[in-house]
Structures are given as C-alpha cells and as structure tokens.
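Next, two complexes with chain A in common: one pairs it with chain B, the other with chain C.
Here is the complex of A and B:
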C-alpha cells in the first residue's frame, strides 16, 4: 500500500509530541530533583575508619583456650561413674542390677529392700529403671490386702541393702511386668515368702536375733 | 490426687464405707496423703454379727456416721504416686481416708489397712498409732 493512502499519518507524530509536552508540564511542579544518594557524603563509622590512612599494622592474635569438651568427652557418664563410686564403693549394688551379671536380680524376682529409716520393704520387682546413678527398682506387694508399690533408688544412702528373697521361676519375657497389677496376674501378698526367708536366714546365721524386721543382711557392713 | 467428686474408701470403724470428697481444705490443688478434706458419706458399712463387742447393737448405734453426713477426713492412701524426699516413691492401689471431727481427732476407734508414712510429717500421729501398718 502506498504511503499517500494514509492521510492522517501526519497527526501521529504531532499527537505524540503534544502528549510528551503535557507529561513534562504536569511533572514540572511536582517532581523534586534531589542529588543522587551516592553523591552525598555519608559519615558512617566504617567509612571513617576507611578514611584513615591505611597502615599495615599487625593484629595480635591469641590461640583459643583449651576446650573442656576435648578433655571430658562424656561428662555425664563421668559424673555418674564418680557418684556411683562414692555411693557404692564395693560395687555390690551395681553388680546386683547389671545386665552383664547372670546372677543379677531380674524383674519377677522377690526383692527385699532394707532401709536406714523405717521398716524394710519387700515385693515383686516389676520394673528396673537403669539410669546410671539414678537407677531405681519398682517393688509391688500387698499389705493388709491393699496393693502397695514403691520405687527405690538402688544407690540411695537411705537404702541399706537389697536382698533377693526368691528368684522368678521363669525368665520374664517382658521388661516391665505391669500386668502384675491386673487381678488376673496379681501375685498377692509375698509377705509369707519373705518371712520364711528371713527365718531361714536367721537360722543360718546362728539365730542371733529375731529377724522379723528383716535385719539379716547379705552384703554391706554389719550394723550390730 | 483427691479432688472434688473423688470417691474414697473409708478405712475406720466409724460406719462409713465409701465417701465422696466435696472440698479440699487449705489448698488450691488436689489433696495428697495427710491432707484434710471435707467428705460426704455415700455408703454405710453394715457391721455383721461378727463386729466385735457391738455385735448385737443395731446398725444405727454402731455407725457413728450415716449416709449423707458431711465430715472432715484425712487422706491416708492415694493411687497417685507420691515422691518422698529421699527419691523413693509410694503408690497404693486405692484412695482411702479416715474420718475426723473438727478438732482433728479420728471418729473411729480402729483402722484396718495400711496408711502412708507422710502422716507423721503432717502431725497425724493419732491416726498413725491406730493404723496396723504404715509404709
């Protein structure tokens, strides 16, 4: 198509220039020209430092202090061992509940815990919670036809000694015998078994004194 | 963990068998062994002919409290585990209490059942001496 066939094409450039003029005229009053930000001098601390003449001075460096983490690889383990060494110097309690000892007490055994204050407590061991120095045992018994459960910390200074009254007939196939709380499995009172054991122990030891209160001892220092 | 509406066994010979806690005294939380509570007698104990010297006495005479009576009581056993200062923990199979009067003396004259040794700490020595056993 020849260009002469577009008579209004001359208006296009005219309109464009007028539009541009209008835009500049509109922005003349409102547009504020400030200096670009990069040209204004900013006084910032690092700038001030850079402004000082650069001298090649040597910065003294110190080696880090020796890390205690390297010295004590397992601090909690060390602490537990140290505390067990204090609380159980003979190692009798540790061995009574250690997993490596085949003669160790297991769940299902009837244990007797002699206390420094108060009567001894006997019961079926239904849980052994091995936690280093916080190792505890859960004993269950029935006193005056009421089930009683007690946790004892085996390293507690209040615990004078722990005796195995009767071993479990079979190895328990559970770690925690909580099913012994159910009436179907409840062993009831083990008091007569414990009394029989205490009588037999006192007979073996020569019948020094009546051991109704469980003064017979298997390990630890003699009280009398 | 004795709180409002907890049903407890009453282990004395006051005549109440089962009581319900209606108020824990002097604290904002649940009652433990040795704490004082207000209870309502819900079930009376019916003493049979074998109930000792008062065998021929009728129920109304043998029972010092009746159903619906509101009394104070001391918690002596809880099924909630209770830790002692030496790290040992004691837990009973049931919740039990002993009825007392306003002065703190037990209403019954005999207790049947083991009680917690925390009563000594809370100065309930009269209840402890009545109890056949404490752990």
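Here is the complex of A and C:
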C-alpha cells in the first residue's frame, strides 16, 4: 500500500518508510549529465563585452521640472524694488540716501524727520543702515538734557518727509558715528540749529504760508 | 474526510519511481524547525476575541494612530529655501512687518508612506536637483520609480490619512499655501560650535570676586545624587555643541505668495541661516486652512510625470 493513501490509519508504517527514505536521502547523490557540446552556447569574450550586464545597467533619470528659483535668484531685491516703487514713487527718499548721489545725506548731517502723526524729530545722523525698503537712519539729539536716539525707516509711510538741516563740516571718516555718544564728542542739543533753519526757511517761502508739506519730498536739494 | 498532510520529500514515492528532475541535487536534511503561515496556536487567543466586548487596546499601531489623529495635518507640507529677511509695509496703515522670504525650488512628491506598508501615512517630498552622477544607484532607482528627477533635499511630512497622499510626481508650488494661513516652520538652527554653559543655557556664571579664582564662567555644581553626588543625572545640561539641531517655530502667518517667483513670505523670523532648507506645514495649533480643490489636485502637474505616476 502506498503510504499517502490512508495516512491516519497507518502512522507506524508511514513513519517507518519515511525513516528509511531519510537514511537513503542522506547519502543521495546525483550524477552530472554533461550536455553535448553542440547544445552549449559558445561565450566568446566579445559577446560577453557586448551583452548588457545585469548590474551597472543604466537607471533611467528624468529631467528636472522648470525652476522659478533659477530665474529669480534675488527675490528679496525684487521685493524691495516692488515696494519702493509703491512707497516712494518720486524716488526722492531713495536719492536722499543713495550712495551714488553726491548730494545725498551722510552721517554727521543734521536731519529733520517729519512724521504723519506726532512731532517732528531732528538730530545728528549717526548711522545709515541700508537694507533696501527696510533702510533706516539713526538720529541723535538731546531733549531736556537727556541724550535721545531714534531710528526712522526712510520708506515708512509714517515718515512724511526728511530734510537736511545742516551738512557736516567735514566728511565723516567712519560709517557709524557712535563716538558721538561719548561726552567728549557729544554735540548736545541741535535744537537751536533746527529752529534757525526753520526760521530762515519760512522767511524764504514768504512769511505767512508755513506749509512744509509742499516740498517735503525735495528737502536735500531744495536746501542748497 | 481525512486531513491532508503536508507533502514533503519524505512522503514522496520511492526514488526509483521518481524522474531525475525531481530529485534534489544535494542531499537535504529534514527540516526540524520549520515555519508556518497558519495563525499561531495561542492557548489564550480565544479570550481576546474582539466580539467579546473587551475594550480596544490602548497600545499598538492602531491606538498610536488614533492618538495622533487630532494633531496630524490633513495635507502635506513643503520644502523651501530661506532667502533672508526684510520688511513689508502696509501702504494704508503704514504698519511695518518684519518678514522672512522663502523660495520653492522644484518641490515634488517622491513617495508615499502608507499604513499598510509602513505603519503610518506620510508624503515624501523632494526639492532642488542633483546630478545623477552624484546620486547612489539605490536612490536613483527610487527617483526613477517615482518618475521624478533626482532631488537634492528630501523630507517626509506626516498626514492624517490616505486622503492626504497626493499623487507621486505632483509639483508643490507656493500656492500650496494660502495668504493669511498659519504654518509651522522647522529648520536646523545656526550652529554655534562648542559653547560654554553661560552662553548655551543662560547660566549666570560665578562671581567676579569674593575669593573667586579663575572660575568665572564655569558651570558650578553638576548636581547632587544619592546623597553624595556619586554620579551625574542623565540629561544634565552641560557645555558643548550649541545649535545645529532642528528648531520649530509655530504659528507663523503667511503674508504673501508669489507663484511666479516661487516665493512664500512669512511673518517674523524662522530658525536657520540664510540658504538653509526649511520645512513648512500647516500649523498644528490653528484650525486647518480651507484649501480650494484646485490647489490640492495640483493643476500644474507636468504631463510626462503625471503619466509615470
């Protein structure tokens, strides 16, 4: 009886035959049947070279999609230009602090900043921080005998106008005149100079009309 | 009917009845410790039936996903390059807002992570471009399978469920985010190098005088332990490398989107130096933004990529 026909009924014989076969299988060997030479393909060196090897097969790569980043490499510059075009359409603010403008305001000048809301502030410019639309100036003055420094953003819509009250006698040889904070160099209050300037301005403009709004944009050049 | 016994070579008919081809070339030993695809015969399995009214397990993959369901974003984030900071003025009110400018560079979906295969849902996103000669073959195959070009930067963004798995190859532009929405931005912070305890952890150092000698900025005690300070507790703040690790800034407002130039302008500052890669995703602690369907479907997928995906 073949052992697989009724396995549950003949466990003993099944196991016995299995045991016997295991013993034979341990020593089982096979013969090598060599194929006739006519059937084996001849592998010549040039054939092996021409065939595409399984490893090192070229993997397909895809081209990258178009990149806006490669086209617009300086997005912050573009943002600055776009905003300056809106905030300073006449270009007066830009030219007042432009490096290419020889008549531009420099550190050491006394500047007067007029604001939309609040009193105007005047002081010595001790720092010009050029950052595109974020450009700011630092003015120093003395109010009630206390040194006061104020930052103003030149493109801010809250800044109505900036006027050059007095030019520095000599070109400053520093970019930032922080030494003006020291008692030895402190200019003190510039209030008198500013008042004198305002009086002379109103005299030129013809007494009664004290409208500074009209030429708020041309301060630096109008002065000279 | 008699149960079927597994057929192995032991049950095969005697060798002289078998053809040559069926015989193993090398003599095999019997498999003593095998494996089975059948369900494990656990003695206690009958007690853990889901129909028996026992509560759902609080551990395991399903429970972990359920816990995360509330805080996982519905849609993927994107990679961007930090270009720098500037300010934006509101022309009417004159209000100035400091902002950070991010730029998208060929951001594409490269792969998905699924619950079935990986245990969670996530979208793998790549950005930039890398020459193929600089990419290893396993990665090249990965990109080829996705039908996208080799990417310079890769990141994974977890999403709540399979609805967040947008098709592989879809291009994510800045319009993926909406003006006015809030995002979380994460990037590797500026590396400060090796820093002392005062700089790294804000300790106050030691007095300049009162008998102090040459230890003004050193850390003081590293803490007591087991009565006599026999060891330093794990996690003790110490001097060492500062920065260079990932930092997340949450709830940043998107001020502006420029699809043409690939720009996203975020309010305020975000971690990392200029030029670093930033991961941005919908803010976790704000309501999810209402996104138009056209944005999610990615109407500007390039044709060949779409076909591949």
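What to note about this one:
By definition in this document, the second predicted complex is superposed on the first by the 141 of 224 C-alpha atoms of A that agree within 3 Å, B and C clash if a C-alpha of one lies under 4 Å from a C-alpha of the other, contacts with A are read in each partner's own complex, and residues count from 1 in each chain.
Keep this in mind: a contact is a pair of C-beta atoms (placed from the backbone, for glycine too) under 8 Å apart; a residue touches a chain by one contact, two chains touch by 3 or more.
Computed from a predicted model, the values in this text were never measured in an experiment.
In the overlay built on the shared chain, the residue A:185 is in contact with neither chain B nor chain C. Applying the stated contact rule after C-alpha superposition, one finds that A:21 touches chain C and leaves chain B untouched. When the two structures are aligned on the shared chain, A:86 is found in touch with chain C, with no touch to chain B. In the superposition on chain A, A:174 makes contact with neither chain B nor chain C.
In the superposition on chain A, contact is made by A:158 with both chain B and chain C. Using the contact criterion defined above for the overlaid structures, shared-chain residue A:65 touches chain C, although it does not reach chain B. Contacts of A:132 after superposition on the shared chain: chain C is touched, whereas chain B is not. In the superposition on chain A, contact of A:146 is made with chain B only, not with chain C. A simple residue count on chain A separates chain B from chain C, and the partner touching more is C.
Applying the stated touch rule to the two superposed structures, the overlap between the chain B and chain C interfaces on chain A comprises residues 153, 156, 158.
If you check the complex, the residues on chain A that touch chain C are 2-4, 6-8, 14, 18, 21-22, 24-30, 59-72, 75-76, 78-80, 83, 86-87, 116, 131-134, 153, 155-158.
If you check the complex, the residues on chain B that touch chain A are 77, 81, 86-94, 96, 112-114, 117, 132-133, 135.
Those residues of chain C that touch chain A in the complex are listed here as 2-3, 5, 7, 9-15, 20, 23-25, 27-30, 81, 83-84, 86-94, 96, 101, 103-106, 108, 129, 132, 137, 140-141, 143-144, 147-150, 171, 258, 260-263, 265, 302, 304-305, 308. Against chain B, in their complex, chain A makes its touches with residues 118-119, 121, 136, 143-153, 156, 158, 181.
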